[in-house]
Structures are given as structure tokens and as C-alpha cells.
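Quick one: the structure is below, and I'll ask about it shortly.
Letters A, B, C, D and E mark the chains in the order given here, with residues in each chain numbered from 1 onward.
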Amino acid sequence: MEFSNINIIDVLPGLFLVVASVLAMISIAIKRNHIFIFVVTSTSLMGVFLFLILYASNHEFNVEPLFVIDGFGTFVTGLIVMSALAVSLLSYAYFEQREERKEEYYILLLLATLGSDILVISKHFVSLFLGLEILSISLYAMVAYLRKRNKSDEAGLKYLILAAFSSAFLLFGMALVYSASGSMDFTGIAKYVSANPTLPLPMFAGMCLMVVGIGFKLGVVPFHMWAPDVYEGAPAPVAAFIASISKGGMVVLLVRFFDTINGFQYPVLVLAFACIAVASMIAGNVLAIQQTNVKRILAYSSIAHMGYILVAFLAGGELGEEAVSFYLVAYFLTNIGAFGVVAILSDQDRDAERLEDYQGLFWRHPKIAAVFTAMLLSLAGIPLTAGFLGKFYLITSGVHAQLWWLVIVLVASSVIGLYYYIRIIAMMFEKAEGSDELALHPRLYLINLITLLVLCALIIYYGIYPQGLIEQIHNFLQ
Amino acid sequence: MNLLIIPALPLLGSFILIVVGSRLPKRMIPLVGAGSVGLSALATLILGYRFISASLTSLNVIAWQWMDINGLSPAIAFHLDALSLVFIFVITFVGFLIHVYSAEFMVHDEGYARFFAYLNLFVCSMLTLVLADNLVLMYLGWEGVGLCSYLLIGFWYTEEKNGYAARKAFIVTRVGDILMAFGLFLLFQTFHTLNIQEIAGQATQQWTVGSHTAFVISLLLLGGAVGKSAQLPLQTWLPDAMAGPSPVSALIHAATMVTAGVYLIARMHVVFEFAPEVLMIVGIIGAATLVMAGFAALTQYDLKRVLAYSTISQIGYMFLALGVSAWSAAIFHFMIHAFFKALLFLAAGAVIEALHHEHDMFKMGGLKNKLPVVYWTFLVGAGSLAAFPLITGGFYSKDQILWLSLASEHGNIWFFLMALLGALITSIYTFRMLFLTFFGKENTPVSHVPGSSMNIPLIVLAVLSTVGGFIELPHTFGHLTVFSDFLNPILPSVTVQEDLENFEWLIQLVAALVALSGVGLAYFFYIYKPELSDELKSSAADLHSFWLSGWGFDKLYDRLLVRPFVYLSNINKKDIVDKFYDGLVMIAEWVNRMLSYTQSGILRWYLMGIVIGGIVLMALALL
Amino acid sequence: MILVTFISVLMIGGIMAWVAASWSNLASRWISLITLLIDFILAISIWMNNASTPWIEKFYAPWIPNFGINFSLALDGLSLLMLLLTFFLGILGVLISWNEIQYRVGFFHFNLLWVLAGISGVFLTMDLFLFYFFWEVMLIPMYFLIGIWGHENKRYAAFKFFIFTQASGLLMLLAILGLYFVHKNNSGVGTFDYFQLLGTQMSLSTSRWLMFGFLAAFIVKLPVVPFHTWLPDAHSQAPTAGSLILAGLLLKTGAYGLIRFVLPLFPEASAEFAPWAMLLGVVGILYGASLSFAQTDLKRLIAYTSVSHMGFVILGVFAFNSLAMQGAVMQMITHGITSGALFAIAGILYERIHTRDINAMGGFWVKAPFMGVTTLIFVLASLGLPVLGNFIAEFLTLIGSWQANQTLTILATTGIVAATAYSLRIMQKVFLGKTLNEKTMTDLSLREKLVFVPLIAAIIWLGLFPQKVLNTTKPMIDKSFKTEQTTLNQKDNGIQ
Amino acid sequence: MQVAFYIAALVAVISTIMVITRFNIIHALLYLVVSFMAMAVVFFILGAPFAAALEVIVYAGAIVVLIIFVIMMLNQKEEAVTQEKKWLTPMVYVGPAILSALMMGELVYIIYVGESHAVGQHVVDVKELGKTLYGPYILAVELGGMLLMAGIVGAYHLGRQKKKVIHRFLKEKED
Amino acid sequence: MEVSAEYGLLLASVLFILGMIGVLIRRNIIFMLVCVEIMLNAAGLAFIVAGSKWVQADGQVMFIFILTMAAAEVSVGLALILQIYHQLKTLDEDAASSMKG
């Protein structure tokens, strides 16, 4: 046994999550208790975060052959863990109101977080694949978790078939790459790549097929079509999870993979990603403009945002990586916040997804409306919010890399995007009309509200004083 | 005695009336209104006396530096010299008389205070115009009088057409104003100053006669003058301006404001002298206008419109005089014209008020005995206007112009013949007006006989329009040159062509004969055989209506400028540019609908999307 | 430090006004009024004490050092004037909406004060990033002002306003970043600091592109035809105070940007572009006037007059001489006052007769002579009558632009005739003619007089004693033309 | 051995074609088992005997049986077959056929362009596989456990009988 | 036992494409799931081929993980299919399209 070459400290965050999920499962077996399992989940997430704070460094070391733990990975792991914590906080109140068995959800949540975490630190096809699948399989169940809802099943099924389908593409692509390069390790592939100035065609084809799988997870055009349906059908906290954590892991993986093999030297790949980015930015924003379902709007917006991130990804370099990191923070906070608002306003029967549900919200629940406004403005990239600085970072990296066309498309499409964000805002500030048959009767939980307010405060804090965060990112990426 | 007090007093009056006018007792209003102008007139007298007795050439007062940027430093500063003294004398005195007249004339009107406020404001602006020592300040006065003219034409604002006439007056004169503004810009560009004295000084240093810049500048200044003085081709506003109360017509549209153009040209004569072609144009405009307006006046029914066209025509004489460099003749005619035309308007106002606001002369008649004061004063005014020989002021002033239009070194026979034709027409329409109004049988009963407050100004003006003429007598007849001598330091005297020097008496004779024959013709057509005039009218009906409409200028401008503008702005009311953005929105929505079809909810469709993506990506790899 | 006070007082006041509204609406109104008065008095005191140094005050604190972004504020004559205008119109905005706004009073004042804070920031900041930041910050509250308290078509108008300004603003952001990197490549120092970026060396084509980025934001805001269509909608739908601030202040930020950033940062490119910019100005003047003439919605009409009047600003700015520049600055101030006053009148008319259709108005002079006189004064100001401030502005602009381009000046001046036509049409349709709708018509109340008397006083004062204002901007303008005079001389031959 | 490979490949392809074209799902699954068997042969030929065994045990054994279980639970009858016939019209083939042809073309081209390489000379036996799996990939095995756990928990939660959905308003009436 | 790696990959490709066709043409959800399994299996084959090409155990390791994933996937998928069938009373995939737009 070659356990000796694994420094246990290095993989502790993942291990923590594993232990936590097993613990959760055992606790269910002994006695079902929502609060207890919730506390277990959140404390373990907190624990991981604390561990990261205490032991994190930007020092890079490998856990051969599967993992690499570096600053970038550690930073995003922390982000993912905190986001998972936020999602779990939101989930508690959300599921407490519903009669389903709530406890399994936390196991799945922990496992999905684990999957995303694995993606973040993996440097090998096997760990990439396993991380992806742990994430996906947990998500299938999470999406369809509310079995009382018909949409939930439909969404789960769609997600399952499509994810498996695209996984097959990813696998086939990896197989082609492996067959061409003889290595499944990123560094091994990089060695092969640097040894062969002209890559064989199967290598390219394999990468392109991998992009299908990665693109699916990111929800970028043309692999985006699942996103609105799944977001709509999934419970709001799960949608938040999909929008943020599951995509974030993949983004990091993509960055790492490309960085390691230096994919930017191949115009084909750059062109492929540029096309995807442009298509995502435009299609995502345009698709949302007439949409009346808030969750679908957020889904389309996340498609567009992934397009934006790809701009920074394509810009590459230190600045590009910084931009991606910063944007991920802003994007995570904002999306979780936005879906959190949807979650807090949802009731037994359905989620607060109709645009009309938000009519006059500002006068009914000013705090929630204010939070949602901040989130939407952040998504739209308006100053005083982290989203603005995120977008600023992206554009900066794009301009720096002289990707003028991409940047101009980014700007133009985000103008289109403004329309639907402010449409929701406008709805919230309108006078509430008379009683509505379909009106929601949510029970507001303090824990939700506090979570949202904290998220909102963070967004505004980072919007006004981003220096601290920028420093952090800087330190981690050194 | 500060020069400032002269414009300041009416301004103060106006201010008081605007702010507290509605709360003042009714008899206080004319006291403030007329009083302020009266004091101003008094101040003018005192100042004028001192000015003359101290034999000053000019007097400068700076109130404050208006602005001062990179060489452009106009001040709120006043400059008094002989020319402006004549003008402020006329403005304050005639103004005062008209105020006094208005005190009775307007007494039953709701907007009594408003009327005096506007009128005071007008006097102030007019004084600023003539006293200004720089062109920017003059422009201020220039626009100010335009504003007051607008306000007073539209004084009875509930009538839609008054408002229209008022706006027309403002807008048409503004066309001239911007030409003048261009002149200012060019002057500033040329001399880096807009001070009138400095311009005059620099012009003589820098220019030679016929200089191109001088030509352009004078032409532009002429544009302004033409607009304000209702000369061709911007004369169309003045007949409509008669919608205002009669005192307004008297003060603004006869005596003072409309002669601002004359003042401008006289004031800037130094510049004009460098552009003889423009002076020629001034003469041509004057000659053409005086004839054109004369014919139009011949056919009018409305008493005040006759007077309006006559004003245009008389200012045409002044322009003619300016055109032949007969500066002081123009100013002399201005002064006399101010007296008699104010008189005629005031008298006409009295007639109209007496007849229940009846304007149509053919519905008047036989007022000779009903309104004796009005009749006699009107007769004096008409005589003066028709240049009845020897005893009227108008004879002397107009005679001078007739003579100089031929004899000045810039004059020629065509100017003279035009002027002569104008003189004939003038006396015809003047006496047509007189005969129709005061003779014949009474068509409308008299309801109101003017009181003393209206009569006194009439009488004073009648006296002035008679006596005024005697301060400047021709060579052949007393050779008195008080007026031109007084103006000489400012306005150079005219040089007469030597070979014509001895024919002055002949010209005078011809002019007198022409005037008299005009009277005779009027008598023949309107008293002796009135049916003949009707016959004449029906036999040349087209020409008649052509003249009646003021030579069709209104229609022309309406078709050419007003309607296209209104049409264009109306069809573009919704802003065509916006359609472009609507189009963008429509495209976005269309694309959105198209893309929404792809989100069909059907799983296989989504799978297909992934496959297509894969195919495209691999195709990229193959490329 | 006082510069920070300007902005923070407004922001704190805004929050206080919001909070106070839950207790009493009146308190909210008073708080905003007092807040603005404090700022106004502060600004006045600076104005009184200071004369002719180019930079009166500076404030500097690092913000995001990684990017060379600083919280850098500075005050010169131009900024000071704009600030004065901001606070002045702000006070009037509070007063004019005293009775008009009865719905969510606290939030209204919060937005009002935050718009003003954003605008003050725009006028003060000397860091390009911060400038963009404030540029955007002022939009959100403005969006709410239109979107919540506006008229029947408020949502459309608010969207349009927001999207137009955002779209153009993002182009500016691109240009700012472009400039940042150009400077960084040149000197190795990445900074958004205005003073350091001044005089950045770059090729003409680069500077042309970057200038267009800046220009995009400013000419949309100004607005220049054909980017003006947001304005009539936004102005006509906004509540009175909103229209007042939009027309009086927001448009000025565009002009301010031109003067502060476009000309100094890209002297060659803007000199090259100048004839076209002037042409755009002229097109705006004439097109706005023609559209204004056709409108029947009073606020829309006034909005198009803004398009026309702001044309003079761009004409003046790009004439490249100090006369025209002074005129443009003057025009910014006087147009702020005039259009603000006209919108206020439209607002109080709407309060009384509940329509903005001028065909439903007429003959109000009978019932409301004071309002008539007030309107008359501002109508006359809008047509550029001497004695009133607008004349100075337009005269200086035109006399300056005449030196640069005579043909365009001639065309622009014909706009004054058109201005006469549309301005007098307001007067005719609303106050003169047959009396309509007279039942609900009343004259100005004391509070309303309190709004208009300062406005009238200001516009007349500016017309008769403009020198104080001209002196304030003189150092700044003289400084900027020291550098540009040379390029102008070179360009002169090209233009003619 | 090459012949064996070709035969197995042919069997795999044909039986897979049969799988995707059958109307009766049980038939299809039986073909699927055949296909997996053939694949197992291919694995064996390629020198992966353990994989071949797993293929038979897990795929053909466990997974297919699981699916059959579910089909039995769902009680699919003759109507299902007619239903399938109705669904599977030639029109349905057009789009996928074109796409697949394109994709196939691309893949074939790509694979053919690469240089030829003989495989199967060396057998990677169970011992070697085990050493690798429990050596460097030990953590991956752990993760595989987690993966299965996720699957089990998910299937457990989702697989329970669904409760009847009662709308809020209806429920109140019942009370 | 020598076979060209290309033929192995080709076989994988053919099977992959066949699975893909199956997913695209079938409306029965169970069929779709089965066809996805075929695709995954094909990918697994490709790994085995690649592994034996480089004479490494890694290909088989990957195959084992694919197998794991397929099993987990099928179990969750079948559970979902049961739910869907209860809900829609059909296995028609096109019926499960209540969300769109």
C-alpha cells in the first residue's frame, strides 16, 4: 500500500466532507432529526472553512496522481464550502416547510460539495470524472428532491439524461486524449503537448469532445438548454447550488486544465471557446428578455454570466485568473442570494417564480426586496455591488488581452441583460395589485433572512471596498 | 444728473408695476407708468440742455462691467451723443405723451397695470438700445424692444389672432436679429471689440472703401435693420402688429422701435461708408419699400393698416436717405415722422374707440364735427404725412430726402423718381383715409368722445409735427440748419453733386405739386366721385386684392417657409430616430422568440443541441 | 475633506430622510431640505472665499491600490459651479415635490439625495474609475425616481433611460480601461488618476477610438441627436423633481465629461473630430427645435428644447476657444435653471389640471398671472433673450464658434429663430388664448413662489452679472487652452 | 485472434443496432446483453480480462437485470409495443441520422488520420490492475465509494412511493 | 493477440454513435437510459483500447469507474423513471415537457 505518499492534511477538506456525509447518513439511520443533521452539515462545512483559514497557503503541492492543492484551488474550495454553507442555511427553512423527508438532502448536499471540491483540486482525468459524477449524481436526486412537485421529477430526469449523455462525450473525449497522449494526468498531457509541437488530430478531437462535457456542466451555448428547465424544476436552494457551486468547480477545472497544457497556443481551441462565449453571452441575455419566470430568467442570466467568465478565461494570464476568481466570488454570492430570495418567498405549493409574485414586494417585504434588488443589480453589474467590480475585472482582463470583440460583445449583451434585471426590479417597486388566486403565503424564517442580509452586505462591501478581496486573491494566486 | 437715470426710471416703473401692479389702486397705475417716463423725459431735457450748453460731443457712463473674457468685454455702459440725444428726446417725449394718452385710453382694460408695465419696459429697452455704447448692449435693447413689441401686440391675449400676430412680429424680426448677430460675430472677429466707438476708430484705420469684410458686415447689419424696421423683405409683420392697442402702435410701431433700424445704420455709418454697394442696397430697399408699401396702403380698409403701411413706406424714405448718405436727413425725417405718425395713430385710436372698435374706414365717415379735436389734429398729421407744402413738418423732412436722393453724390434719378412716385401715393392714401373717416355721411354712431388726457397729447403732437419742421429749412427757403449742424459731429454732412446744386427749387416745386395733386386725386375719387373709385376697384380686382394683401408676401412666406416647417415638424412629431431604436428592440424580441423555440422543453431536442455542438467543435478541430 | 463632506452629507441625509419617513413625512422633507441647504451654504462659502486658483480643494485616499484606483476628489471652478447648480436645483427639487409626492415620501427623498450625491461625485472626482462609479451610481436612484413616481408610461421611460445610459457608459468603461493600459504600457504605472493620465502619449488612431468611447457616454447623456430619444420619454414621465434633476443636472454631467475628460485627455483626436462634433451640435439644435415645435405634451416639448439647447453646449465645447467654452459652461448653468423652471411649471400645471396636453390648456393668465409672468420669463430665457442668462451663454458660444466654423454657426443661430417659435408656442398655448380648464386653476402658492423667485433671480443675475461665474471657470479654461491653442492653430488651416 | 475481434465487433454492432431498433423493450434488453457479451470478448482480446469479467457481471448482470425489474414493476404490456411502433416512424430518423452521419464521419476521419498502433500483445492482468487501483488510485476508489453512496441515497429517496399531492385549498376542505 | 488500436477505437466510435442515435430517436425513457448506457460502455471500450495501447492499467481503472458511475446513474435514473411513470402514466419522454420557453 502506498498510503505513505499521501499527506493526510492535504486532502483533509475533502475527507472532512466525506466524514460529514457518512456521519449524516448514520445519524439518519439512528434517528431522523432535521435540526441535528442540519447542524452537522453546517458545522462540518464551517469546520472545513476554518481548516482552510488556518492551514491555507498559496504553496502548491501535489497529491499524486490525482490532486493538486494550490492557492487557486484552496481559494475556490473555501468559496465553494462557504457557498455550500449558505445554501444549506437557506435550505433549512426551505425544507422545514415541506413534508418530505428532509434529511437525505444534506447527505446529497455534502456529497455534491465534495464533488465540486474534487473538481477544483483535481489534475487527473479520473479525479475529474469522479468529482463530476459525484456532483452530478447527487444533483440528480437534489433536483428531483421534492417528489410532490411534478416539475421536480421532470427536471431531474432531463438533467440525468442530458448529464449522462454529455458525460459520455466527455469520457469519449478523454479516451481519445488518453489514447493519443498516453497519460491521463494533466501534467503528463502537458509534457506530451510540449514535446509535440503539432498535436495529432485525435488529441484535438478529444479536447473538443471534452469541451462538450465541460460546456454542459457550465451551461454554455449550445449545451445550455437544460439550464432553464432544471432551474425551474429544482427547489430554489438546489438551483442556487447548480448555478453557483457546480459551475464554479468546473470553471476552475477548465482554467487549470488549460493552464497546465497551455491550451491557448492552439487557435482552434481559443476560437472554439470564443464562439461559445459569444454565443452564450448573446443567447443567454436575449433568451431572458421576454421571460416571465424568475427562475428561468436567472438560468438564462447564468448562461450569459458563464459566457462572461469565459472572456476572462480566454484572456488568461495572471489577470485573467484573478478576474475569474473575483468574478466567481461575486457570482456565487449574487446567485445564491438571488435564489435565496426565491427560496424565502416560496411556499408549500410552488416556488416564487412568477414575475407577478414579486409585484409590490418592496412595499410588502422591503428588506427582501432590497436584498433582491442588490442581487439583481450585482448581476447586472451596477456599481456599489460586487457584480460591478467583477465585471470590471473581466473587462479589464479582456482589454488587457486585447480581446476587443469579445469585450464589445460582453458590453453589448450585458446591456440587453439590463433589461430583464430591471424588469424584475421594476416589478418589485410597482404598487401591489389586489389579491391574487395564486398568491404565495411564505413563512419567513429568520435564519433565511439573516443569511440573505449577510450575502447582501458582502456584495455591497465587496462592491465598495474590494481591496481586501483582491488582496486575498492576489495572495492565493501568487 | 446721471445718464443712467433716464433708462432706469422707466425700468423702475415697470418693475413696480409688475410686482405690485395688481394691488395698486387704479389711479396710481398711470401715475407710476406715465410718471416714470415723464421724469425720464424731464431728465432728458435737463441732460440735453447741459449737453448742448457745455457743447460736449459725447458723454459716457459705465454702470458695470457686464462680462470680460479674452477681449470680449462689453460693459453695461451708455454713450450719449447728438444722435442718441435726438433719439432719447423723441423716445421720452413721444413716449410720455403716449403714456398720458393711454392713461385714459386703456382705463377700462383689465390689464391696465400690465399695459403700463410693458410700455415702461419698452421705453427702458428703447433707451438702452439707443444709448448703448457697445453692440452687445444695443443687442440687448434691440431684443428687449422686440419682446415688448411681442407682449404689447398680444396684449389682448384672449384673441387667438393677436397672439399669432405677436409671435409673427417677434419671429420675423428675430430673423433680422440673427443676421445682425452674425454681423456682431464678424465684427468681433475682425476688430476684437464690440464697442461702437472703437469699431469706428479701427474701421477707419484698417479698412479701405470697398473692403470685403466691410461689405459682409454692413450687409448683415442691414439684415437686422431691415427686420426691425419692417423693410423689404421682412416687412410682413408690421401690418399684423396693428392687433395691439393703438398707443402701442403709435409708440412702438410708428415712432420708435421700427426706426431702430434707421438708428442702427446711422450709428454704424462709419462701417457702411466703407461698403458703398451696401449703401446702394439700402437705398434700393428703401425706394422699393416705400413704393410697395404705398400701393398696399392705397387699398387697405383698416384704418390702422393704412397707417402701418404708411409707416413702412415712410421708413422706406429714411432708408433711402441713408442709402444716399443723407444721414441727418434720415434722422430728421425720423423725428418728424415720429411726431406725426404717433399723432395719426393716437387720433386713429381715438376714432376707433369712439366707434366701438370699428377699424374699417368704409364704415366710418362724417366724424369731422363729432370729434373736432381729433379731426383737426388728424388733419395736421395727415398734412404732414402727405408733405403738404410749406406749413407742415413733413414737407421739410421729406423734401430734403427727395432732393438728396437725386442730388447726393450717391443719389440718382431712379431713386428720385421712386421717391416722387411714393410721395404722390402717400398723399393720395393719406387723404383717402382722411376723407373716408371724417367726411361723408356718418356710418357708425359715435359712442365715446375722448377726454382731455387724450386730447392734450394729440394737440401737443400736432404742434410738434408742424413746428418741428422749421428747425431745418432748405437753402432755397430760409436755409436753417440747426438740426444737421447739431448732428454734424456724429453724422457727416452730405456732399451734393455740384451740377445739381442750383436745381433744388425745381425739385421742391415738383414735390409740392405732386403732393397737392395727390390730395386732389384723393378728393376726386373719394369726395367728388366716390363711385369712380369703386369702378376702378372692380376693374382691377386682382391688382386690388394683390395690394390689399401687401403684395402677397404673407402668402409667399407661408407657402415657402412656415408651412414646410410646420409640416415637417408635424410629420416627425413621433421622432423618426426613435423608430431606429424601436427597430433594435423589435429585432431583439424577434431573436428572443426564435431562440425561445429552441427551448421547447423536449429532451431530444436538447440532446440534439449537444450533438450539434459536438459536431461543430470537432469540425473546428478538423479545420 | 470638505469635498467628501459634500457627498457624504447627501448620502447620510438620504438615509436619514428615509428612516424619518416612517415617523413623519414632513420630517423627511425637512431633513432633505436642510441637508441640501448645508451643502449649498458650504459650496457658497467656498465660492465666496476663492478666486482664481485652478484647483481649490483636493482630496485623496487610496481605494483599490492594485489597480491604481484612488478615491481622489478635486474641486476647480467648473466643478464648483456645477456643485452650486446641483445643490441649488436640489433644494428647489425638494420644495417643488413638497406636495406632489405623497407616496413613499421617505424613499423618494432617499433617491433624490442619492442622485444628487452621485452627481456631486461625478463633478468632483478626478479618478476615472471613480468617475465611472459615480456615473453609474447616479442612475439607479434616478431610475427609481422615474419608475416609481413617474407618470402613466413610467416603466418604459425608466427602462429606456437606464439602458441608453448604461450602454453608453459601458463603452466609456472600455475606453477608460483602454487608456489605463495604454498608460500602463507607456510608463509601467497602472493608474486611473486623471492628472497622471493627462498627456498620455498614444497614436492618433488609438486616441481616436478611446475618445469615441468617452464620447459615447457623454453624447448620449448630453444628449446629441441621434442618441437623444431616451430623453423625451424620461423627462416627460419623470415626476417634477425628477425632470428638474434630469434636465438641470444629469444632462450637464455629459457636458462636464466632455470638458473635463474628452478635450484634455485626447486633444488631437478631439480637435480632429471637432467639426463633426459641432455638426452634431447643430443638428441637435435644429432637430430638437423642430421636434419641440410639434409636441403637444408640455413636458415632452420642454424635453426637446433641452435637446436643442444642449446642442449649443457641444457646439461650444468643440469650438476650441475660451469664449465658446465659457459659453458652453454658462449654457450648462442657465439651461439647468431654465429647463428646471419650465419643468417645475409643467409639474405644477399637472398638479392642478392633471394633464400635460397643451391643447387642453389655454388662457391661464387670467387665473394665474404670477405663473404667467414666471413662465414668460423662462420662456424668454429659453429663446435666448438678453438680460437673462441664456443669452450670455448662447452669445458667447456662438461668438466663439464663429471663430471656428462660420457655416455651422450660422446654422446654429437659425436655431434661435426656431427657439423663438417653439418657446412662444408654449406661452401661447398655455397662458394666452381662450381660457380652458380654468376651474381647477389657481395661481402660485407661497411655497411655489419660493421655488420660482430664486430661479428668476438667478437667471436674471446670470444675465446681468455673469462675470462672477465667468471668473470662476476662467483659470480652468485658460489652463486647458494653453495646451490646445497650439493644436487649434494647426487645425485652423484644416478646417477652413 | 484478429478474426475473433472482428466477429465480436460485428456481433456487438449488430446487436446494438438491434437494441436501438426493437419495439419490445425486453427484446432490446436481451440484445443488449448480447452486445455486452460481445464487448466482453473484445475486452478480453484487448488484454483486459478483468474488465471483460466486470462487463459481464455488472453490465449484463446487474444493470440489465435492474432495468428488467423496473420494467416488470411498470407492467409494460402489448400496448407499449404498439406505442413504440407508432413513435418510431422513419421521420424520426432523419435528423439524428444526419447528425450521426456527420459525427461518424468526423470520428472515422480523426481516428484514421492517427498513426496505426497494434494493441493487445500485453495482458494487463488483475494483479497489475489491483496494484494500480489500490496504489495511486486509492483515493479515487474512495471517491467511487462516495459516488455509489450518492447514487444509493438518491435512489432511495426518489424510489419511495410517491405521496398523493393535495392542494392546500383542498386539504382545508377535508379537515 | 494483436489488433490495431484504430479498429478498437473505431468500434468504440460506432457503438458510441449507435447509442447516440438510440438516444436521439427513442421516446421511451427507459430506452433512452439504455442507449446512454451503450454510449458510456463505448467510452469505456475506448479507454480499454487506449489503456492497452499504452500497456497501462489506467484504462481499465477508468473503465471500472465508468462502470461504477453507470450503475449509480441507472439506479437513480430508474428511481426517477418510476416517479415519472406514476405521474404521467407513460414513459413518453415528450410528455415530460411541461417546462419550456
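Going forward, a contact is a pair of C-beta atoms (placed from the backbone, for glycine too) under 8 Å apart; a residue touches a chain by one contact, two chains touch by 3 or more.
Just so it is clear, the model here is predicted, and its values are computed rather than measured.
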item: Intersection of contact partners for subunit B and subunit D; value: A, E
item: Selected pair, greater C-beta contact count between A-C and B-C; value: B-C
item: Per-chain Cα centre nearest the global Cα centre, belonging to chain; value: C
item: Chain centre separation (subunit A, subunit B; CA means) in Å; value: 78
item: Chain centre separation (subunit C, subunit D; CA means) in Å; value: 68
item: Distance between chain centroids, defined by C-alpha means - subunit A, subunit D (Å); value: 29
item: Distance from the mean Cα position of subunit E to that of subunit C, given in whole angstrom; value: 64
item: For subunit D, residues that touch 2 or more chains besides their own; value: 95-96, 99-100, 103, 106-107, 109-111, 114, 137, 140, 144, 147, 150-151, 154-158, 162
item: Subunit A: positions in contact with at least two other chains; value: 126, 130, 133, 137, 140-141, 144, 147, 150, 156-158, 161, 165, 176, 201-202, 205, 228-229
item: Of all residues in subunit C, the ones touching two or more other chains; value: none
item: Which pairs of chains touch, using the document's own definition; value: A-B, A-C, A-D, A-E, B-C, B-D, B-E, D-E
item: Touching residues on subunit A, where the partner in the complex is subunit D; value: 1-3, 6, 11, 18, 21-22, 25, 63-67, 99, 101, 104, 107-108, 111-112, 114-115, 118, 126-127, 130-131, 133-134, 137-138, 140-142, 144-145, 147-150, 156, 176, 180, 200-202, 205, 348-349
item: Subunit B residues touching subunit C - in the complex, by the definition given at the top; value: 18, 22, 64-70, 72, 76, 114, 136, 139-140, 143-144, 147, 150, 154, 157-158, 160, 163-164, 166-167, 170-171, 174-175, 178, 181-182, 184-186, 188-189, 565-566, 568-570, 572-573, 575, 577-578, 580-581
item: Complex interface listing, subunit A residues touching subunit B; value: 157-158, 161-162, 165-166, 169, 201, 204-205, 207-209, 211-212, 215-216, 221-223, 225-226, 228-229, 268, 271-272, 275, 283, 286-287, 289-290, 416
item: Complex interface listing, subunit A residues touching subunit C; value: 363, 377, 382-384, 388, 392, 395-396, 399-400, 407-408, 411-412, 414-415, 418-419, 422-423, 426, 429, 465-467, 470-471, 474
item: In the complex, subunit E residues that touch subunit D; value: 1-11, 13-22, 24-28, 30-31, 33-35, 37-38, 41, 44-45, 48-49, 51-53, 55-61, 63-65, 67-76, 78-83, 85-87, 91-92
